Structure formats: C-alpha cells, structure tokens
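Below, chain A partners chain B and then partners chain C, in two separate complexes.
Let's turn to the complex of A and B:
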C-alpha cells in the first residue's frame, strides 16, 4: 500500500507499506507508521479514565464556562478539522493560534500575500540551480527534502543532479550535517549575525563592498547563470533576524539580478494548511482574536498564556509542555486545559480533559498542505471513527 | 579519583535544533542529552558519557553528554524538546548561553519537569 507520510511538511507520497514493514520513509516517518499503536491517549477527566463522550461533554462544559478561551495547535491535523476548529473559536468569540506564530508563520504570510516569489518543490527538483538552505538543517528536520526534492534528484532541466547541476549554499551558526555537504559546487557560510549576511547580499547585488562580499559575490554570480534559484528559510533565519522585512527586501533585490524563489522550510505536517485555512477565512495566518476581529502579537497563544489572559485552552495535536519555553508552559497549570491528541503527550499528562483521537494520515484521511503550498489528499491505513473532525464537530454542536 | 573538571563551570553557546535520532514520534519519552563539540568538551574537561549540569535562565537540568562535531565550536546542541524548552526563554528560543559543569548522578527525567507544571 502506498501512503503519504504526515510526519513533516515534505508530506512524502511514496511510503510503501507491506506486511507491517515501512519502506522509503525517513526514521521519523517510519516511527509514525510502525509505532502508531504505541503510547495512545486515553479519555480522561481530572485524571480519571472515562469514555470519550464524557470527556467531550466535559470539554464543552469547560469551554462554555470560560470567559477567555483559546484554541491552539492544529498543525498535525487535516484541513477539514482545522476549518471546524476555526468555527469553534468563532462560536466562542475566542482566540485561535498554532505553532507558526513562533515558527515560520510570518514567512508563510509573506508568501501568501505575494511579498516574495515562491514555487513548488516539484519545480525545484526539475529546474533549480542554486539552492540556499538558510537557518535550517534538513538532514534532521526534513530528512528527505534534499533526496526527494532538491539537491540529489536529477530533474528535467538538471539531469546531472548534485554532481554538476546544483549549487548548494548553507547558512548556519554551526557546521551542521547539511553544511558538511557543501563542498563541491557549494558554499557554507557560518554566520553570527544573519542581518550582516542579508546586508551583504543587498550590497553585493548593488555592486558595493560588504562583510561577506567574497562568498556572496560567488553565490550571486552562480544565481545569474541560472533561470531558477531558490532559498529555503528555517527557524534559524526567523530567530537570527529581528526584522524579517530585511530578508524580504533582500529577496526583492536579488530578483533584480537573477530569478530567486522562496519556500519556507520546517514545521509540522500541516502547519501551512492551518495558515492557509485561517488566511482564507479572516485574512491572517495565525494569532487571531475573534473578539477583537484582528490578529496581533498579543493574541499569540504564548503571549496569552504568559500574560494570563486566558482561562481555558483547547489544545489539538500539539504538545506545548514539550515544545514551549517553561516560562510559558508553566502557566498551563493555572488554566483549564483540554487536550485532543492521538498520543498520551506530556501536555496530556497534566490536562484536565484528554480526548483520544485518530492519527491524521494513518487512521483518518483528509487534506494537508505541503510547505510549498501543494495540497495533498491523505488516505488512512485503517479508519478510526473518533478523529479530530468528529471530536471538534461534537464540541461545536455542544456549544 | 576526584576530577578537577567537576569544579569547573564553563560558559557555552547552546543551539536548539531538531535531531532525528532523538525525536520520538510516540511522544512517550525525551532523551536527556546534550551534543557538545569535541574541542569545547576537551577544553572544558568533559568526556563523552558524562552527566553535566546545564544552567540557563535560572533553571538547571542534568543531561548526558554525547560528542558531535556538528555542534557549535563554542558549546553544544540540545535537541528540540522538553529539556531545551525548560532552559530557554522566548528571547533565546533557538540560541542561548548556558553554564555547564560535570555533575554526579543521573540525568533529569521528563517527569521531574512535568511535576513542576501542575501543583
């Protein structure tokens, strides 16, 4: 059986499963399919096991009683569930946010607004010459990015693949596994301050002297040789720059001398799906307040928690205890928390209500959006009735 | 034999990054590990397999040391997860400074951190 892996935003569509064995997947994808029955969440209310309907009823009660509820997560579930979650947030007149507000949401929003030219990974495979990985180490975060879409494949216009038809650029604060690949037809730039490198690209494109002029000059000359170049930006870029407008200006400036596209690199399987779904609905990709009718930093889930602005949270398919700074996650103990998750996550262990759900892409199907905006339809390995769509619909009906 | 490095506290640059070999898709466990650059470890008197106390933002965890030349030369990498999240603040979400010293005992368990959340 051929499956799409929901493990990361590559959404690899060639996972072959036969007699319980998983082929073509990275280590992470292999775990998703091979260990999907492990550490499953159990319906709980106040630490006591209950049936799923009782847990959903309690969740509805908490949300109804809450003065300032928030919905958070949703990046590992399908678009169909994300739409219902937005309905729930609207019905509650509350807040909704996902991981992208501290991840790559700002860059996705720039792409959706047409502020940076973008392309698809399939086009990259066939056409791209200069590949810039900036602040991302796909070797660990998007393990098949290089082999399936970018550096190694032999594309239509790039028949010699990485041997001669790609020029790899890696920008990082350390010599990562991806940086080590940057040997022949390549440049590795170790930065301390990303803004200085952005500034160098802008200045060299204008023919001026700059700190990284030697390396940047070579890269821009290589870009000029091709009709298709791409920059993949990760969290290192986001946190390396205080102002992402500088980066957007740099991409604009580079496009005056050579065609350069941008694709966000990182994040959960369907983070872009959430960004696009909310964007279609309210014109913003994340941190949205239905009460105020706008998006803002103060409505980011992390800010709401830190500043004690919410009294209840519905957390779907994400694990803030695992992933958010302690100064933020420690506030979860002060509010009512409802966790909808297939796994008994760290956050589920401290939640007031736990509602077990199906694993999207394994036990339930639906739509997800790849990091480049391509929509894919996932089919389940086996169908489980109680999935995120079912649970969120029940909550919506109950409110 | 008592090691001199036991009493040596050094400052380190920490990068927080995904690590495919440490990630657990079942969300059941977290590996208390820090990847130190071999040169940094040598300078600091830390050996592969040591347990070190890592302190940042007024919080401390004990992590097991693995050496990796993919770590920053002036410190190490802590994989994304509960240990990095415990130490970091939003200002230094992906990169922060910490102090490191060789410690006795076992690495910190995830349960010890979770125990501080719901009191």
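Let's turn to the complex of A and C:
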C-alpha cells in the first residue's frame, strides 16, 4: 500500500511498508511510521488514569468554566479536525492559534491574498529553471524537497534535471548543507542583511547599481532565459526582513523582467491546512480572537501566555513545553491545560487533562495541505476510532 | 581519507620482482585498490623481515577496503538523513527508472543500486553501479550531491 508521509509539508506520496521496513521516507518520516507505537499518551485527569470519555467530560467542564480559553496547535492534524477546532473556538468566543504565528504564517497569508504569484511543486518539477532557496535549509526539516520536487528530478520541460536544466540559488546567513549543493549552474549568496539583497534585486531589475549587483545580475539573466522561476522563502527570510512588503515589491518587480513564482518553503505536515481553513472562515491565517473579531500579534498563543491573558488552553498535537522558551511555557502551570495528543509529550506530562488520540496519516485518514496548497488525502495504515475529529466533536457537542 | 595508489606504492618493496603476478609494484598497487589482488599476494612483504613495518602500515591503510562494497562506495548511515538526492541523481537509475527515481520518487525498479530504507540509504545492487566491473567509470555523482558527506569512495 502506497502511503503519504505526514512528517512535513512535503507530504511525500511514495512511501510503502513491506516486511516491517519503511521504504522511501526520509529519516524524519521514517520515525513516524517506525515508532508510532512508542511513548503513547494515556487518558488522565489530574495525573490519574481514567477512561477517554471521563477525560473528554473533564475537558468540557474546564472549557465551560474558563473565562478566556485558547486553542493552540493543530498543525499535525487533518483539515477535518481543524475545522471542528475552529468551531470550538468560536463557540467559546475564545482565541485560536497555531505554530505558524512564529513560523511562516505571514508568507502563507501573502500567497492566499494573492499578493505574490504562486504555483505548485508539480509545476516546479516539470517547468522551473531558476530555484531560489531564501532563508531556508530544507536539509533537516524538509529533507526530500530538492530531490522529490525541485532541483534533482527530471521534469517534462526540464528533462536533464539539475545537470543542465536547473539553476540553483541559495541565500543564507551561513554555508548550510543546502548551500553546499550549489556547485555547477548555481550561486550561493551569504547575506548579513536580507533587506540589502532584496534591494539589490529591485535595483538590478531596474538597471541600477547595487551591493550584490554581480551575483544578482547573473541570477536575473538566468531568470530571463526561462519562462518559469520560483523562490522558496523560509524562516530566515521572515526574520531577516523587518518588512515583508519590501519582498513582495521585489517579486512584483522581478515579474516585470521574468516570470517568478513564490512558494513558502515548508513547515509541519498540515500547517498550511490550518492557515487555509482559518482563512476561509475569518479571513486571517492565525492568532485570531473570536471575541475581538480580529487577528493580531497580541493574540498569538505565546503572547497570550506570556501576558497571562488566558486561563485555559486546549492544546492539540503540539508540545509547547518542549518547543517554547521556558519563561513562556512555564506559565502553562498557572492555567488549566488540556492536551489532545497521540504521544505522551512533555506538555501532556504537566497537563490537567490528557486525551490520547490517533496519529494522523497512520491511524486515521483525512486531508492535509502541502506547502504549495495542494490538498492531499491521507489513508491510514489502521483505523483508530478515537481520533482528533472524534475528540473535538465530542468537546464541541458538550459545550 | 581517500586512498590513492601512490601512497600504497611507496610502502611496497618497489623491486618489481613480479612474484605477485604483476609486472610492476605500481600496477600491483592499482589492483589492490580495485580489490583484484590481496596484500598477501606480495610474498616478499611477508617473507622478508625488513618490510615488516611497511606491511603493518599497509594493512592499516587497507582496512577500510573490507568495509566498502566492491565499488568502493561507503555509506555512513549515521550521517545520512534519507534525503534521496543520491537515489534521484544516479545516472543508472535515471536511465532504468524513468518513472521512479528519475522524476524524484522512490525507485520503482526491483534492483536499484541505492534505496532509502528505514530512513537511511542502503546499497542493494552494487553490480549495477558504473564503478563496478570491467568497463567501470569513475562516477562520483551520488557523492557530489549528498548534503551530509554520508557517501565516500575509497579512491577519493
């Protein structure tokens, strides 16, 4: 059976398991399939083991009593569960946020609003010539990005693949593992200030002098040779620039001289799914307050927590105790916390209520959205009844 | 840590005595690296006490040959992230598997040279590698495109 890997937003669709071996998944993806039975969560209320229904009832009770509840996480679950989570947030008149508020949410939002032309990874494989990896090192977190979709595969209009039919550009603050691959037909630009490079692209496109004119000149000339070029933007781009508008302007300017598309580099398996689902509902991709009817920095889960604005949190499929700085995550101890997770995460260990769930893509199916916006249907290896959809539905009904 | 025939040659007796079946010590060095000869084939090295130090050095140097596949390709699994670059770039795969590895997917042929299993690359059919056998060419494509230096070749 051919499976889809939920390990990252590449959602690779060629994974299979035979005689106990996992084929084609990268190291990160393999962990999910090979170790899914390990470290499983058990239903708990106040540290005592209970059955799942009791844990769900207790969760409902906490949420009903809360004055300022927030829902957080949801990047590794399916769209179907994300929708119900948004319903729950709405019913509670509370806050909802995912990891994208400190990841690539802003870039996804720009794409969803049509502020930059975008395309799919399948189109990239078949047509793209210049590939720019800006502020991202897919090596660790999106391991197969280059081999499956961009630089290495041979495509319809790029039959010789990386050999001759692609031009790779890597922009980073250090010589990353991806930068090392930029050898023949390639450029690596080490930047201290991304804004200066953005500025150089704009100036050179206008025929003016600029700091990075030499490299940028070569890249723009290569772009002009093709009818399809693409920029993948990552965290380095987001944090390297104070103002994303400058970057959007640059993409516009480049499109006056050659077709250049933009795709967010990538993230957790279904982060883009969360962004799109919330966007469809309220016109924003993350950090949303139903009470205020708007999105804002102050509604990011980390800010709410830091400023002690919430008294209860429903945390789905993410581990803030592990991933957030201690001065932020330690505040979880002061509020009521409900964790819905397949694994006994660090956060689950300190939570008031733990509801064990199924692993999306392995024990339950559903829809996820790839980094480029393509919707993918996941089929599970085995079906587990108590999954995120079941749990969130029960909570919704209970409210 | 690439091995080269010159370094091996320097430690051989350099007498061109032909006892190993080769015309020169230099050609013996080449065959050693290609695993067509074994160090023991150089009789003087073992029989004459004065070569003992050199012999020990050679044995040390040639140790990695034992862990390498016959093409001289060594994968360090602890470094491999399973990115699949090597699988997709291998020219043999591109030719034989136009719908699989050539377009970025996992191999769809039964006997690929390299395949990602359990998250890391495994060498499963080295006979198909261009570095193998009589008409070998010194292909380095997979190593050149490995982001983590997980692939090495004995000869460098």
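Operating definition for what follows: the second predicted complex is superposed on the first by the 399 of 399 C-alpha atoms of A that agree within 3 Å, B and C clash if a C-alpha of one lies under 4 Å from a C-alpha of the other, contacts with A are read in each partner's own complex, and residues count from 1 in each chain.
Methods note: contacts are C-beta pairs under 8 Å (C-beta built on N, C-alpha and C of every residue); 3 or more make two chains touch, one makes a residue touch a chain.
Since this is a predicted model, take the numbers as computed values, not measurements.
S.K.: With both structures fitted on chain A, tell me whether chain B or chain C touches more of chain A's residues.
M.R.: Residues of chain A touched, chain B against chain C: more for B.
S.K.: After the superposition on A, what does A:181 contact: first (chain B), second (chain C), both or neither?
M.R.: So A:181 only meets chain C here.
S.K.: So, A:326: does it touch chain B (first), chain C (second), both, or neither?
M.R.: The first partner, chain B, only.
S.K.: Report for A:140: first if it touches chain B alone, second if chain C alone, otherwise both or neither.
M.R.: It touches chain B and chain C both.
S.K.: Tell me the contact category for A:39 with respect to chain B and chain C: first, second, both or neither.
M.R.: Touch status of A:39: first partner only.
S.K.: Of the partners chain B and chain C, which touch A:59 in the superposed model: first, second, both, neither?
M.R.: In the superposition, A:59 contacts neither chain B nor chain C.
S.K.: Scan A:26 for contacts with chain B and chain C and give back first, second, both or neither.
M.R.: both
S.K.: Both chain B and chain C touch chain A; at which residues?
M.R.: The overlap between the chain B and chain C interfaces on chain A comprises residues 26-28, 31, 139-140, 143, 177, 180.
S.K.: Using the touch definition from the top, list the residues of chain C that touch chain A in their complex.
M.R.: Touch list, chain C to chain A: 80-85, 87-89, 94, 98, 102-106, 115-120, 144-145, 147-148.
S.K.: Mind pulling up the chain A residues that touch chain C in the complex?
M.R.: Residue list for chain A touching chain C: 14-16, 21-31, 34, 125, 139-140, 143-144, 146-149, 152-155, 161-162, 177-178, 180-181, 183.
S.K.: How about chain B: which of its residues touch chain A in the complex?
M.R.: Residue list for chain B touching chain A: 15, 17-21, 23-28, 30, 57, 59, 69-73, 77, 80-82, 85-90, 93-95, 110, 113-114, 116-119.
S.K.: Name, in rising order, each residue of chain A that touches chain B in their complex.
M.R.: 7, 26-28, 31-32, 35, 38-39, 102, 137, 139-141, 143, 173-177, 180, 235-236, 239, 302, 319, 321-330, 332-333, 341, 343-346, 349-350
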